[in-house]
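Scrolling down, you'll hit the structures one after another.
Next come two complexes built around chain A: one with chain B, the other with chain C.
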Partner chain A sequence: MSGLEQWNWYLDGWIIVAGILCAVSSALLGNFLVLRKMSMLGDAITHAILPGLAAAFFISDSRSSIPMFAGAVLAGILTALFTEWIRSFGKVDEGAAMGVVFTSLFALGLVMIVQAADHVDLDPGCVLYGAIELTPLDTILISGWEIPRVVVVLSIVLLINLLFVIFFLKELKLSSFDPALATTTGFNATLIHYALMTLVAVTAVASFETVGNILVVAMFVVPPAAAYMLTDRLVRMIVLSVILAIIAAVLGHISAITVPRWFGYQSTSTAGMMAVAAGLLFVVAALFAPRHGIVVIFVRRQILAWKILAEDIIALMYRIEERDAQQKPDAAYLREILFSSPLPTNLTLRYLTRHDQITDSDGMYELTKTGRDRARQLVRSHRLWEHYLVEHAGMSAENIHKQAEQLEHFTDRQLREKLNEDTIDTDQDPHGRPIPPENKTN
Partner chain B sequence: MNTRESSTSAPQPELPLEETPLSVYDLTVAYHRKPVIWDVSFKIPPGKLVGIVGPNGAGKSTLIKAIMELIPKASGRVQIFGKPYQKNRQRVGYVPQRESVDWDFPVDALDVVTMGLYKEIGWCLPVRKKHRDLAMDALERVGIADYARRQISQLSGGQQQRTFLARALVQNADLYLMDEPFAAVDAATEKAIVQILQEMKEAGKTALVIHHDLQTVPEYFDYVILLNMRVIDHGLTADVFTPENLQKTYGGRLTLLEEATETMRRREQSL
Partner chain C sequence: MRPFFLVFLFASFVPQTLVIAAGGSREAQAQQSITDRSISIPEWSDWKRVLFLQDYNTRIVVLGTTLLGMSAGMIGSFALLRKRALMGDALSHATLPGIAIAFIVATSLGLDGKTLPILLVGAALSGLLGIATILLVRNLTRLKEDAALGIVLSVFFGAGIALLGIVQQMKTGHAAGLESFIYGKTASMVASDAWLIGSAGMICVLISVLLFKELTLLCFDEGFAVSRGFPVVFLDMILMGLVVIVTIIGLQAVGLILMISLLVIPPAAARFWTEKMVNMTIVAIVLGALSGMIGSAMSAVFPNLPSGAMIVLVATAMFLFSMIFGIPRGILIRKLRRYELNTKINRQHLLRGIYEYLETRGLLNEKQTLESLPVPVETLNQMRSWSLPALKKIVKRAERERLVETIHEDQLQLTEAGLKEAIRLVHEHRLWELYLITYADVAPSKVDQDADAIEHVLEPEVISELESLLIQQSTMGVIQSPHAIEIDQKQTNPQNPRSQGLT
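Take a look at the complex of A and B:
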């Protein structure tokens, strides 16, 4: 029913291994592309290796790896150099410079590949989108084991990248955060930059047979970007990006087999699904990340807004009581003064009633003892702040209400005591209304 | 009273070059062929706090960056304790402008301070406890040890500036180049920085500080360089920090008022 009954541990296993190796090697370096805000340069390099590949096909007339590797890596490094060079003319910003370099090189590569396809056994589609599904078919023998060639190549690249990140973590951190300090303390930031870019090119070349020339940038950028949403420590970010890359690779292959079947189609491209899976992981991270997640921030803001509305309601009721102890406001009256909408006001009133801050007698509300104590502290904070603002910030009595209205919600007992000490000894606020005491016993 | 033209000869008696923290000869720096600083020459004596003042666009940051060879010189020569910069690099500490780095970078204050020790640790070797302890001491000295483990965007502007200062301290240099350490910091931080500068001076170190608040120049600095593309004048604050020189440096503008407005604008932006 799902396509998984055709699962073959040998074939699918190797495909997943290749996917993981490619995703992890890219993600390791990608962290530094993302942190240096150079994701676009990664994109540019991965595209620009195409003419290098094509030229190597032409020259060596085969898919033999060594010249291909060299040609492509060279093209990648040249992209980084050209971009820097065009930018140094001035007038053209980095984005435009990269746009110029990588689209031209990519187009050149495309033209050459299409030409080469007539002479060499080469499919432009494979170059652009990868052929991870063919991984298990092309194997080499290593000490009696038949291992797919792609897996061997990617393992070597992963090892190089891993060693690079481990041994140069300190240098990468410094030159990404503060290139000026790196250079002035003897860690040549330019050198580190080009070392990183060389490895990006190497990884991109090694990956083009699995995820292809276009999608590899997703492997570089997306898992680290998602990891960046989830943490604010570098080592944790790198580890998380690796975990996310592995999940994306596994999820990508499984869904490439299963998802199209749900709609009655044949299985689809694993490389494409890996990029989609990574994108989905990013969306989840962007929504639910503990500190920066959109949903989390929204919920936190809503809770704060509710807390403030609840405090505004009881403080208002305290002021009404202060003026006329007999008056019991209803919801409509409170809303009119607070300019609040009906739904949140009614919900907050219900919340306050349930938490014994106010009592509800047929739609007329009255403060309970607990509610009155809480409200008195708020009003006290408000009026102390008004004093403070007039005395210490030199504000006039007309302008202070609004600011005090905000500050009162963030003032605890300790701060109130400090305010009380810092303002002149009085029991009236600048408008002549009484400042209630901290505690009242009656 | 003071009508000396900008001159290359400092009023002090000549010191041997290897004891002069910084000497700059005819330095010119151009950006896209437009000169930013022009024929700048000066020497600064050891163990002094030196302020660089001048209007926006006068080339103050450019001067510091050119001294450290972060940007190419069009012509001229710089010597640090009598040797070219590259030979005496380890004796120079740099405090960049706060805006020059990305504060969302995933590191904490302690990490940033430790970066000042990377040179000492050397290539490829990891940061060890000894280094973290040194960094912690520096954070203690600038008064923000409690925030050592905070991600740096969670620090206030003043705390960020102090983090940079702590990083400079662990570098243990003899000459410090500081790009506007007082920009948009709170009063407590300003006091802390002044105190650290004094301590540095007492330890015989020299600091070259880009400064914006003209009011505090006589109080903070022994020695002043007035810069507006060229060196207008340099020397002991008491001698060169005069209304005439300020007039020359800032042109015919109402300098103090403009400076004050500028400072206010900066503070607002940093809020």
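Take a look at the complex of A and C:
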């Protein structure tokens, strides 16, 4: 009961093609919306094309594509303009300005559509969440091939978007990251802004039949946002967003057919599932991205914390040894001084034992030779830093310990040598304790 | 702003008059834009039925939407100032999967899936989940708030659409009612809905009145609120919770797409009328109530207008009116104020120009009478980069104020009052120059421009402060200019025959 046995390469193939075309052309532009922190303007524009569609219908009295296309694109551009005007002339917060403009236009569009409802089936529901399933039914003949009209339109839009991004990559990049510099270097950031807005409107209009005008927002925002989590380079981000968009489209359609079957229902909306698939991809990217993923960052922090704890433990043991060579601390004693919680301490102690830095004799711990060498280097770093801070940073001897405690973990041998050179030749730190040598010969 | 405020209060007490007024204009508009095919003008009996709330149904709907508008206006004010205007948008979209899931769960448990409280609980839960996701994405990843909003909005809505697709196929009762949450079905509101809106709205209003000070502080200065020990995170959550409640009770009335407009538009409009938080909230409440009332009444009068959209359009009309005519922050009043300031600055430049012209020529001693001191217009034109028509306008206005007189075709002279004013201005200008040189270490050659920018807005107290700082011998009327005045150099330039001839 996977549902895929009803797979029809003609129908499902065209649906997937339409989904991919729509997702990719949106994602291309979406990169710049996300980078410019204008994701919600995409949302606003896609809502606001409704009155454009309705007005074009009223004027041209037909549902033919071209007037409606023009009307909707015009409405989309007007949204960007109105938002900008209200923001600058009315001194309204940008979010609020956007909220005012697009809800008003959407309401206007609704009123107009309801007026027209007696005359035509301009279904607001279709505008909102599209009818990608009907894609293969409406075809036109191009050089002997029967190709769905939507696919043709979306291909053209994709081509335009692709050319725009390729040819104006430098301008888009500069005006996204530094509009002021863009203006000073002599090309018009405002012009680029409105060109982008125009293409967003065009893409939204072309897509509204496929995925509907709210879910096109998902295609604008989600794949680029996921790509943004994955990389720091613009070109890579664009390529990744395109790949993610394709995956989302394919996955969306397949899951729209299969997932409801698991619960005993027929297939559901492909457009909706495309958005969900994109959302899942984003969640994965946000959690596990190699550099910026939430989980990755968390794990990295944990590892660092444990490493520091391990170093603190052996440094402490070295100091204890230094004071009283016979004393062998147990876990409770170490925890009392380090203020660490039981679980990490015990785990770290076990780790240190396994790595042969300390030995465990019935809960009493002792440094091994390797552990002692490592600890000596840490204590040496610590005391050299204290020395340096008093001598060169002019800090008083009371509050240098904390600083040195942090710095000791990030000090390698070369830096220690440098510190040793820069401070007065002495073998005592400011508190009067000996600075251990780099290598003990015995 | 007081009179305007009274107008609003008055209007809120007699909504009927306003309904007629707004309805009339709206009808005209509608007829223009939608040509012939739409609205049949309702009979007087229809008007009467709606305006005097004779219909039980109309009464419920108007009451419900009015209450909704009030509570949305109140909560929206805080959300707007906290720059969370679009949060309501994302939130309302995020409720859709909750509604669908609540319906599925309730139906499979054998309950009536379309019971409003069940659906609203589902909506609230998924709305809260949406907000939590937004906050998580914003705080834990490198993405900014806008992307977080966009992601949550579209993905949740997509999930909702997909779930609705499944709900459609359920045998246990079709889900035709659920889609009304997207567009709203005000007309089908029943008394219990109005009660729900009313009570939930009252709770919201009550909470925000009780926490008014805290929420205001949160909106304006979060850092200060933290430092004073207010539980900022908790307050933020309360505010978001209030937004959730208002959004959800509004779903029924205007639908989830238009609900955001009630949260955003009335407060944004109210912002133009006042600088004070309390007043803004009150105006927003009134505007919200009016839009709910007028919008639903119009939708009841005209058969073919969806009420949710009409409420939004009424709110938009009010917003546009406020944006243009609002006092003290509307566009018109600000333009007017700037115009007045520019006029004042130009007049002051004219007078100072004349004075400096006379001064450099040594014509300002006691022996000269005012009448013997004509100033050629062209020279003034050279001192400031005015165009000739602009200068003529400035001169004309100064003449009307009896500060200068035109003697011949292009010769000006100061009047008594004009001279006094000019002396004062030059005095202030030079005081500031002296201050900049003495205390701010600005080079004497540059100081003229700097002083130019600020001399027009110096308060009398500042002037006296400067005087006591800078002048030991306060007997002199006007202090000497600390730098060479440019006109001097121009005059001595032999290449300029016109100015030669004039002296």
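Before moving on, here are some points about what is shown:
Convention: the second predicted complex is superposed on the first by the 441 of 442 C-alpha atoms of A that agree within 3 Å, B and C clash if a C-alpha of one lies under 4 Å from a C-alpha of the other, contacts with A are read in each partner's own complex, and residues count from 1 in each chain.
Operating definition for what follows: contacts are C-beta pairs under 8 Å (C-beta built on N, C-alpha and C of every residue); 3 or more make two chains touch, one makes a residue touch a chain.
What you see is a predicted model; the values in this text were computed from it and never measured.
Partners chain B and chain C clash in the overlay (superposition on chain A).
In the superposition on chain A, A:286 contacts chain C only, with no contact to chain B.
Shared-chain residue A:140: touches no atom of chain B or chain C.
When the two structures are aligned on the shared chain, A:305 is found in touch with neither chain B nor chain C.
Within the superposed three-chain model, A:176 lies in touch with chain B and out of touch with chain C [touch as defined at top]. In the overlay built on the shared chain, the residue A:347 is in contact with neither chain B nor chain C. One of chain B and chain C touches more residues of chain A, and that partner is C. Of the two partner chains, chain B is the only one touched by A:234; chain C is not.
Using the contact criterion defined above for the overlaid structures, shared-chain residue A:159 touches neither chain B nor chain C, since it reaches no partner. In the superposition on chain A, A:218 makes contact with chain C only, not with chain B. With chain A as the common frame, the single stretch of chain C that clashes into chain B is 436-444; none of the other options in 76-84, 436-444 or 490-498 do. Looking at chain A, you'll find residues 37, 90, 228 touch chain B in one structure and chain C in the other. Chain C meets chain A in the complex at residues 30, 33-35, 37-39, 80, 83-86, 88-89, 93, 137, 140-144, 146-147, 149-151, 153-155, 157-166, 169-170, 179, 182-183, 257-258, 260-261, 263-265, 267-268, 271-272, 304-306, 308-310, 312-313, 315-316, 319, 323, 329, 331.
Residue ranges of chain A in contact with chain C, taken from their complex: 34, 37-40, 42-43, 47, 55, 58, 86, 89-93, 95-100, 103-104, 106-108, 110-112, 114-116, 119, 124-125, 128-129, 212, 214-215, 217-222, 225, 228-229, 256, 260, 263, 265-269, 271-276, 278-279, 282, 286, 292, 294.
Partner chain B is touched in their complex by these residues of chain A: 35, 37, 90, 167-168, 170-171, 173-174, 176-178, 180-181, 183-187, 228, 231-234, 236-237. Listing the residues of chain B that touch chain A in their complex gives 32, 65, 68, 70, 89-90, 92, 94, 96, 100-102, 104-108, 111-112, 115-116, 118-119, 121, 123-127, 151, 153, 167, 171.
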